[in-house]
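The following blocks contain the structures, represented as structure tokens.
Presented sequentially are two complexes of chain A, the first with chain B as partner and the second with chain C.
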Partner chain A sequence: MRIGKLPARKARILAVRYLGAGTVTLLFLFPVYWLFMISFKTPDEIYHVPPLWIPGQIQFSNYYVLFKDGDVLAILNSLIVAGVSSGIAIVLGTLCAYSLARFGTGGENLAMWIISQRMIPPIAVVFPIFLIYVYLGLVDGYFGLILLYTAFNLPYVIWMMRGYIVDVPLELEESALVDGLNRWEVIWKVVFPMVRPGLMATSVFTFVFAWNDFLFALVLTRTEVITFPVMLTHYFGGQSNFWAKIAAMSVLGTLPIFVAVSVMQRYLVRGISLGAVKG
Partner chain B sequence: MADVKLSGVHKYYGNVHAVRGVDLTIADGEFAVLVGPSGCGKSTLLRTIAGLEDPDDGTINIGGAVVNDLRPRERNIAMVFQNYALYPYLTVGENIAFGLRARKTPEIEIRKRVSEAAEMLGIGNFLQRYPRQLSGGQRQRVAIGRAIVRKADLFLFDEPLSNLDAQLRDEMRTEIKRLHHEITTTMIYVTHDQVEAMTLADRIVLLRDGLIEQQGAPLELFEQPRTGFVAGFLGSPSINLIPGILRTDNGGAAVAFQAGEGLNLPSAKARLLRGANGQQVLVGIRPQHFSRAGGGPLRDGVVPYSAVADLIQPTGTRTFTTIKIGGVDAVAELQAHDVSSHGERIDLAIDLNRVVLIDPASGLVIA
Partner chain C sequence: MTLSASLNAAEQRRPSRFGRMLEDRLPYLIVAPAILILLLVGLFPLIYSLIVSFQRITMTENDTSFVGLLNYAELFRDTRLWASLGHTAIITAIALPLELLVGFLMAQLFIDRMPGRQIFVALLVLPTVISPIVAGATWRLMFDVRFGPIGQILSFIAGEPVRILWTVNPTYVYPAIIICEVWQWSPFMFLLLLAALSNVDQSQLEAAEIDGASYLRVLRAIVLPAIAPVIAVACLIRGLDLVRIFDIIWALTEGGPGSMTETISLYTYVQGFSQFETSYTAAISFLVIALLTLLTTLVLKRMELAR
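Entry: the complex of A and B
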């Protein structure tokens, strides 16, 4: 093979591959592109026929309206609810997972029993939960949603983290115990660094679950704590849809996930593939 | 520095009785090797001393204090594991310093001890590297370094050389022996490798099915085994065990093999066998006790034996030759050029002064 130049046959195969990959990527990215574009368009441009690929000029009035009317508080609410609930679920879940993995807590079947909680269709439990929440006065507050998302994320965290912790060689922990650490220090200084990629990947998924939840947020909130997905539905009217607001709000709602995934990308790939081997 | 006393130690795993009442005393500064086949309870015993397992019965005494209720970190021991147990996210230097940091040793002292240990083990140039950048032998040195900086009362080694290739294992074995000479701390070392046990130990503790089969100095166990198991476990190639029947009369004794062959036993052995006429025995002859007969008169207790060489395995210095004695295969360790071809008839001399006779029913050595 000549250096710097591929044989014609190989070059053709490569070209077809790139073409295929490029087409698929375009197909998937198009809705995202369209969403971004709409968020920058004026009402005239949004309804323009034929559709405009690029707005005449980038303008932020659609976003400005969201800030002026206080609609962005929904993003803040989502951040608080999703952030706090994933934080709690990760801490509690990792400790539970450690107990399952290292002390065999609950015998062989407890882990399976725990993950099976996650398989319940949410719609089946949402109304009983609503009634209980009404009775306890938890509807339409941060605490209620955080409690719920923590409960729903815990089985997932326990299941994933158990897999990662089982993979940590036991001798590392035993060596640390002999060397002078107590059990809590072992978890903090040995287990935690060893499972970091898995922990990061799991955190992203729990955050995304809480962030994206629509059903529970719709049923359990009213006016005080409206989360981002619920807020979006307010823009679909009986008479007309506020496409500008929908697009701008959607972009704002996508950004935190985009940032989280970008920051965690390096852990995500390793974490997910680790879990694929065992978990 | 500390002595170790175990008394009546039992350990169960579910229905498995892994350690079945072990009494063991290891003196201050002694190098004791726990050896035995897999499943004999040697690792369990070591982990019990470390506090990683709780004994179900019995007491563990380190340095004059019962430590049953102390956690591993409160026992002031250091342990080296088979798979090194290095923290992959810490550098070599940080790995070695790990135990000292855990015990809040002043940073100046840590640096001093880490560099001393690294110097002693020849890993001074690797302190900034990560474990994955080291070879197996270097990793094991780091693991040992992490133990010695602790200046613990007792060092425990759990099959530390099993993951290394043969040549490196020989090298590290020598280093561990030298290390013990330099730091003279009490060491307890677990291995399934009888060569490691023989070469390293001040005292070998041979375990079988959760009990101590025999303990003593390496050569004592090798030359005066109390059971057939001990005779068979130590030595490479293994001792030859040939079934036969004792014939005693007028102070003399001989073993008759099937097909009419037999060996006359030395008088020292015969004295121990009075009244044992007709007893079934296993005759244990070590491969080293065979030699090529020179033609001259034979020493007392050395008997001639003519055999046909079957398999020939030269090792360079010695040649292992498989022959038939009493109808069974036996290995004779001869000089490199004593035998040259398959099927060759060779005149051998067997030194029976150190033969062991084993009662096949009880497994005990009777003479």
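Entry: the complex of A and C
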């Protein structure tokens, strides 16, 4: 009799869990849905009281305006700045991490100093950096932002990649050296393929960090290389907010992140916990 | 590759002197660029800032003579500064445990395997990875008194029109910030705790179940000790982020009404970029760094003691 009852009980528990899972997911995704939905509404629908939960029809005029006015250039700027700075941080950071992992360069002290660089609150350095940038004429240019984001991401890359490189079996590298490869070739042909998944995940996170940064971009951009989060805050104004623009811009600015993170889902945990939890 | 072939290859590829030198210095050569950038963009501004904090530079004056600890003494008289530290402490003290609790409950819900779990997890992670500015903007839309759904839902529940100015009313502005913050970062806690919970020793759990131990007892005796290190790391990461909270508040309230929700990061920003109190801003920066360092060291010490 128990055997007959058990599946029914299990099915009930599973149903309850699905109900809970569905409710939680709905709750957390509702704001995202709201934003997404507003980006398709007409002005009449946006300013309708009481608020409408479903737009009358799907129309893209809110997006069209962003393209027509050239506001999407902010997205392009973000892509350039986040993309290039991540690329540089990944290359330089991985090389540095290799040295720390394999030769113990600088000992524990250097490793600790590097990670402590990440603990420095941005607000504490943004003002002196601004003053220095003004002096050097780097404000509102690609170079300044890219340099800054590279520096900002380097400790993260070094820390993560050191963890991945330590996991590569030393024998593999040694046998490659015996086979006559030099160090550069060992790094490129032996270590690189082994850490590629970790490298991809780390790249995604450095990209996301640079993409989402607001404070540095707010201070160091004016008109030329405005990035997407700064652009978004320009639509807020006193009593009336340009909600159509806010919503459409937010969706455009979230799309790249969403794609990148979906692809890298497997590595999320290790990536966001600074490797403290092996996911 | 056979042994003789590889020896042959090694013979042919004997590096030039220059190549050998490159290889000998390699450990330092490949560390150098990264460290150089970190020194340039990380350390140099800090040193510059430290010097400035002992001077008296404002928007109108460019007085580079040293005034000792004058700016630091000023910190103690600055009531708005201590108020902003208080605001930061309130937000951190409420949001952090809430995020941990919500994240833990979510992890409990998803810990057992169920078909489609990956899809739920992928969707739930979304709030954490979007830009905090987008999160703040989204909740500003949600909270809007006329066109937002929250007022509508509350009115429906109450059966009468509820008009709450979430981002302006002093009573509701903190709940608004904390709701937004908890919404964005509970999934982060969820993700870490889910990973930690799935690493808990299953045989121990089964043994406890056979012994008929209650859920709470299993939680206290087995589960919590096992995931404690992850909880500590998660709280450290989130705690540091919360202390420097800036973006969400900028998007939601801009520190208002008045300076009611002004956090230490916002206050520092105002001093630097609206008041242009260069030297004083530098002094505040070092106060922030000192506080954060103290906090981190204390937490890390406790973590080590617990281990």
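Some points to look at:
Throughout what follows, the second predicted complex is superposed on the first by the 255 of 279 C-alpha atoms of A that agree within 3 Å, B and C clash if a C-alpha of one lies under 4 Å from a C-alpha of the other, contacts with A are read in each partner's own complex, and residues count from 1 in each chain.
Just so it is clear, a contact is a pair of C-beta atoms (placed from the backbone, for glycine too) under 8 Å apart; a residue touches a chain by one contact, two chains touch by 3 or more.
Computed from a predicted model, the values in this text were never measured in an experiment.
When both complexes are overlaid on chain A, the residue A:V166 reaches neither chain B nor chain C.
In the superposition on chain A, contact is made by A:L35 with chain C only, not with chain B.
When the two complexes are overlaid on their common chain A, residue A:M264 makes contact with neither chain B nor chain C. Once the two complexes are overlaid on the shared chain, A:I80 sits clear of chain B and of chain C alike. Within the superposed three-chain model, A:I114 lies in touch with chain C and out of touch with chain B [touch as defined at top]. Once chain A of one complex is fitted onto chain A of the other, the partner contacts of A:M194 are limited to chain B, with no touch recorded for chain C. In the superposition on chain A, A:L95 makes contact with chain C only, while chain B stays out of contact range. Of the two partner chains, chain C is the only one touched by A:F103; chain B is not.
Of the two partner chains, both chain B and chain C are touched by A:V178. Touch counts on chain A: comparing chain C and chain B, the chain ahead is C.
Chain A residues 178-180, 182 lie at the interface with chain B in one structure and with chain C in the other. If you check the complex, the residues on chain C that touch chain A are 1, 6-7, 9-13, 15, 19, 23, 26-28, 30-31, 33-35, 37-38, 40-42, 44-46, 48-49, 52, 106, 109-110, 112, 114, 118, 120-134, 137-142, 146-149, 152, 183, 186-188, 191-192, 194-196, 229-230, 233-234, 237, 240, 243-244, 246-247, 250-251, 264-265, 268-269, 272-273, 278, 281-282, 285-286, 288-289, 292-293, 296. Those residues of chain B that touch chain A in the shared complex are 50-52, 71-73, 77-79, 81-83, 85, 87-89, 98-99, 102-103, 146, 150. Listed in rising order, the residues of chain A touching chain B in the complex are 169, 171-172, 174-182, 185, 190, 193-194.
Residues 14, 17-18, 20-21, 24-25, 28-32, 34-35, 38, 46-51, 53, 92-93, 95-96, 98-100, 102-103, 105-106, 110, 114, 117, 119-132, 147-148, 150-152, 154-155, 158, 178-180, 182-183, 208, 211-212, 214-215, 219, 228-229, 232-233, 236, 241, 243, 246-247, 250, 253-254, 257-258, 261-262, 265, 268-269, 272-274, 276-277, 279 of chain A touch chain C in their complex.
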